[in-house]
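Both complexes shown next keep chain A, but they swap its partner, so chain B is in the first and chain C is in the second.
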Partner chain A sequence: MNAKRLRKALFNRSKLRAVIAIFVFLVLWEIGSRSKEWFGFAVPWIGHVPAPTAVVVAWYGLLGDPGYWQSWYMSTLRVLAGFFAAMVVGIPLGLFMAVNRTFNGLVFPSFEILRPIPPLAWVPASIIFWPSQELSIAFVTFLGAFFTIVINVLGGAKSIDPRYFQSAQSMGSSQWDVFRRVVLPATLPSIVVGSAVGMGITWEVVVAAEMISGGGGSGGSGGGLGFFIWNSYVGGSYEQIVVGMISIGIAGFISSELLRKLGSYLTPWLRKR
Partner chain B sequence: MDQNQTVALLKRSMPFQTVPSDMLDAIAKLARYESYARGDVIYHQGDFADDVYIVSSGTVQHTLGIGFQATHPEKILHSGDVFGWAAVLDNQRSRLAKTVCMERTELIRINGEELINLFRASPETGDIVMSRFATMINKEYTMPEEVAGHVPHFTQVPVTMATGLTLTMFRLSQWLKSPKPYLMFTGFGILLATWYFTVEVWKLPRFVDMPGLTVVMKEWFSKDPVYGLSIYTPEYYQHIWVSVRRILIAFFLATVLGVPLGLFLGWSKTFREYVFPVFETLRPIPILAWVPLAILMFQGSETPVIYLTFLASFYATALNTMLGVETIDESYSRAAACLGASKWQTFKEVIVPGAMPFMFTGLQISIGVAWFSLVAGEMVSGEFGLGYVINTSYTMVRYPTIVIGMITLGIVGYTSSALVRMAGDYMMQWRVRELALGGR
Partner chain C sequence: MNAITQNLSPASSKSPNVKIKAAEIKVTNVSKSYGAGLFTKEVIKDCSFTIERNKLTVMIGPSGCGKSTLIRLLAGFEKSSSGSIEIDGKRITGPGRDRLVVFQESALFPWMTTYDNIMYGPKARGENTQLNRDQAEYLLEKVGLTAFREKYPPQLSGGMQRRAELARAMINNPDVMILDEPFRGLDCMSKELMWEYYSGLYEESHRTNFFVTTDIDEAIFLADRLLIMSNIPGQVRATIEVDLPRPRRLAFVFDNERAVAIKMEALSILHKEAMKSFSGGSKAAADFVEAYSKRSSGSGPSEQ
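On to the complex of A and B.
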């Protein structure tokens, strides 16, 4: 009985189809990549991409390389630095803008004219401004998450039904009570969503910032995953590019999932029963 | 009764209150003075309506005939009141009421035809008077609006309708009355002042290396820019155009491919179960990590950048469209099927319009991320374009040009998002109306 249930959970139709689809995708990729060796002509586009088997081999070789893990470590550190800075600055700013109308009128338009400038356009200015390359990459990562977080917090706080405030006040709540019992629970879901989206953007930005600025000051292997990819491209080891891409994908996926788990722990009332 | 008294009387009567004095003189010239004794009948119901009357002194009883749905069919008129307005109605030239003098009454009468002819000559004043007539008939005589609707208009555009322009002007005036614009400009002022003072006046450490406000502005609006890029140089527009063209191509491809894919992903369960896993496996890879691979896959410098831009937009569009289809209430499709709709009809009439709001949210996100990855693509590879300007200006130490590039990117990016939003609002007016009805 138990084994049957296990088998059912493992091999239901949609999971089976997913496995088939990914397998077919990998096979097509393999054939496409190897088309030049096997058929004598390169399939357009995919023909230039290293084959999945070659990528796996390259990856296996890298697992023992401390430089590879150092790249993971560097990128994660930068993402975390930028992300937490964005949370620390962005959440209070968004909440304060939602609560105080004058402050909102003063700051929001300026915020809106800065927001359409893509974070990566700040890279050169940031390099000029900050004394170390490390700080400038962290700053650009910060910008990437900052705007998203502020907008989400503001939107969440603005959509609170004003009757909640009125009823809280008529039942004698203090300012702090209103904040703690009304504003915070109501904005938490949008804070969680904003952080998850912001986390995705920080990973995007950190990669590009590392590529553009040419990695960390230490040079060589200490430059983070974006630099790892760029270096592999320059050095001609194309398999490693794909390894780097997948690594960043995994890193981004894990961090977003962790945030979602944390978010669902913090907002138990939103969980599906 | 002389001319001045007549003008004074007209000024006291509700429809003529706002008429300018030269016009009042002309109207007063049309007026004829009459006096009645107690019990005299001025007109009966059904008589031909020729004149409009204004009571000068005395009282008149005004009794609406049977069949006119007024809340108060009887009304007593005093000095300054207007009656006999059937004379100015279109298609309604017979008396609706019987009027009897209750004491010795003096009044003036004005011929309706002549009054209307006078108003034809100055339609603006005429329309105001006539709309006041309509209000009076509606309010004071408690007559239904359809009777008041017979009051003629003289100008081509009916004054009561809020057209797009008047609505915009109204909103603008409301906005100017609120503290918002003043706070906004104070905010901008603080932002620019911070920039100016920190960099150029106080020369704070670190800030002093940055291009200052006046330097950037001088460069941007200079006819002979030091670093070769300002609003007067053709290169500036060439860079903008190259970037915009890349965005257009990528956005177009992403929409053309992403929307159908999203619709099918949402519509067919089988299709989703096969395709979505592959989609989801590739999606966590940041677009920008694709840069070297894109350069390898697409030879040349133009296609890799477009591909990167496309990829970012494509994910956003396809995913949001799919979500849109998923939010459609299942009972709509069932109802359509019950009414005999074919699969294709259900798709066309239920799925596509139902997914529209999410689709346009997706397109808005899509244009945003398109600019985001375009800049990255242009900075790493590619020739021309705004991202390229920013990056080369850095390497060639043309610092003010970096800021010009950034500001231009902001403006162009904002404009493109606004255009997509407007297109969305235009195509989904039903939804805008729905939101407006909901008070949002």
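On to the complex of A and C.
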């Protein structure tokens, strides 16, 4: 009971701290951007950035704009498509590379050459490869998560304590059983970590891909958040640039948080200490 | 505390009707070396002994004398360089569920609850039967973990983990149980508690057990037969029949004159081995030799 109360107090304190930190940050930002009108001189960098209040006003105006929500929707869709494709391809690939030495020997060299190539370097090639703009963007986001997931799964599965295999074997496990009940759960924490990191990269990549490729076929409103930012820049609406940036931050935070929750649900033995 | 004493008293609940099988392992002229050419290191050389049926055989020897290698050979995880290991006349060629190994540090699966860990073997063989489930409950109670059945290994204490591991091995009803320093790293009180739990489990079944340790008190408390290893390359130097009555209880065993005599005998053999490797330049043996001379001259730091 006492421990519970203590934990609650700590939790609240850290929450309070977070709120204060964000508030102070916003205040400094506001002062910085308005320093020219208030004090007569511009603070370098921040002097050119729209103030938070101006951003909020612009944001409020956008809340009723279906184009803004369409951008959210498009980017989310692309992120999810690329991310899930990366999971579906990457997890089995990583596991199979860890389990089968021959396969690993054949695949790993090419994998290691392709891995350091930044996903954005793939944009022109993927526009040429894929029939539609949509597919090329999804492909680039896929790459962003794919390599991270594979490397994590591979590393996780390879570092399983050999005694787990030995004891499973001596208790009469078949190979399939060892895979299903030892390799898979033992790799799960690495899968979760790889996915969380991969998800972050996916958001970074999708925005850049949208900017470069012009954001899909359906013109300005169907372009995703990346295109939304670019369009705002071209149109000279600096408040909207910031709105777009913060929107991406929020989207990334929400998806990471959901993944963390899901991961902790899937790995109860790490949660309960 | 109450729960523990209760569990240690003669079976409070009856074991489901499980027939104990027991086998005998015969090790004949086994050698094992690693590396090749100039770098060959012989770990076990011409080693012969028998793990007798229905007995608890304890092997004791200085650390690094090839005991763990021997266990890997017995388990079938590795093959010997020469010689043969037979279980009931059948040559051991690989791991099998007739021999079960309990490892030095806990090898419980951290992603499974205590109960699921214990049921791993039966489920792996498609034997998730009522009999096995009853046996799992029985073993849980027997090792004092009924209240911890839904906990994950990281939530258990070191001693609880080892007990869960014993239960996980025993439910498979192996012909021979092989234990590689299973209580190593536990503090001395939990270690003694483990001895009582473990010997209680053994006394109930008299399954063939092979137990490797470096702890002389542990060896004498548990053993029916005591095998003393030489220094590397490993060989069995002596066999002592430990004819102390069962069931064994701590207070009783360590006040017993016969136990003290066996301990002195075993120590003097170990001392001879240590002297040999000491003169061969082994630093590790020096500690043993020094401790032994202090003990026998009565000038040691812990006088008795």
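Quick notes
As a working rule, the second predicted complex is superposed on the first by the 251 of 273 C-alpha atoms of A that agree within 3 Å, B and C clash if a C-alpha of one lies under 4 Å from a C-alpha of the other, contacts with A are read in each partner's own complex, and residues count from 1 in each chain.
Just so we're on the same page, a residue touches a chain if its C-beta (ideal position, glycine included) is under 8 Å from a C-beta of that chain, and two chains touch if they have at least 3 such contacts.
None of these values were measured; they are calculated from a predicted model.
Superposition of the two structures on chain A shows chain C fitting alongside chain B with no clash.
When the shared chain is aligned, no partner comes close enough to touch A:R5: not chain B, not chain C.
In the overlay built on the shared chain, the residue A:P116 is in contact with chain B alone; chain C does not reach it.
Of the two partner chains placed by superposition, only chain B is touched by A:V49; chain C is not. In the superposed three-chain model, the partner touching more residues of chain A is B, compared with the other of chain B and chain C. Between chain B and chain C, the minimal CA-CA distance in the chain A superposition rounds to 6 Å. For the contact definition in use here, the chain B contact set and the chain C contact set of chain A share no residue. Chain B contributes residues 179-180, 183-184, 186-188, 190-191, 206-207, 209-210, 270, 273-278, 281-282, 284-293, 295-298, 371-372, 374-376, 379-380, 386-387, 390-391, 393-394, 399, 402-403, 405-407, 409-411, 413-414, 417 to its touches with chain A in the complex.
The residues of chain C lying in touch with chain A in their complex are 75, 77, 95-97, 99-101, 103, 105, 107, 109-112, 120-121, 123-125, 151-155, 168, 172.
Against chain B, in their complex, chain A makes its touches with residues 13-14, 17-22, 25, 45-46, 48-49, 102, 105-110, 113-114, 116-125, 127-131, 200, 203-205, 207-208, 211-212, 225-226, 229-230, 232-233, 238, 241-242, 244-246, 248-250, 252-253, 256.
By the touch rule above, chain A contacts chain C in their complex via residues 161, 163-164, 166-174, 177, 181-182, 185-186, 188, 267-270, 272-273.
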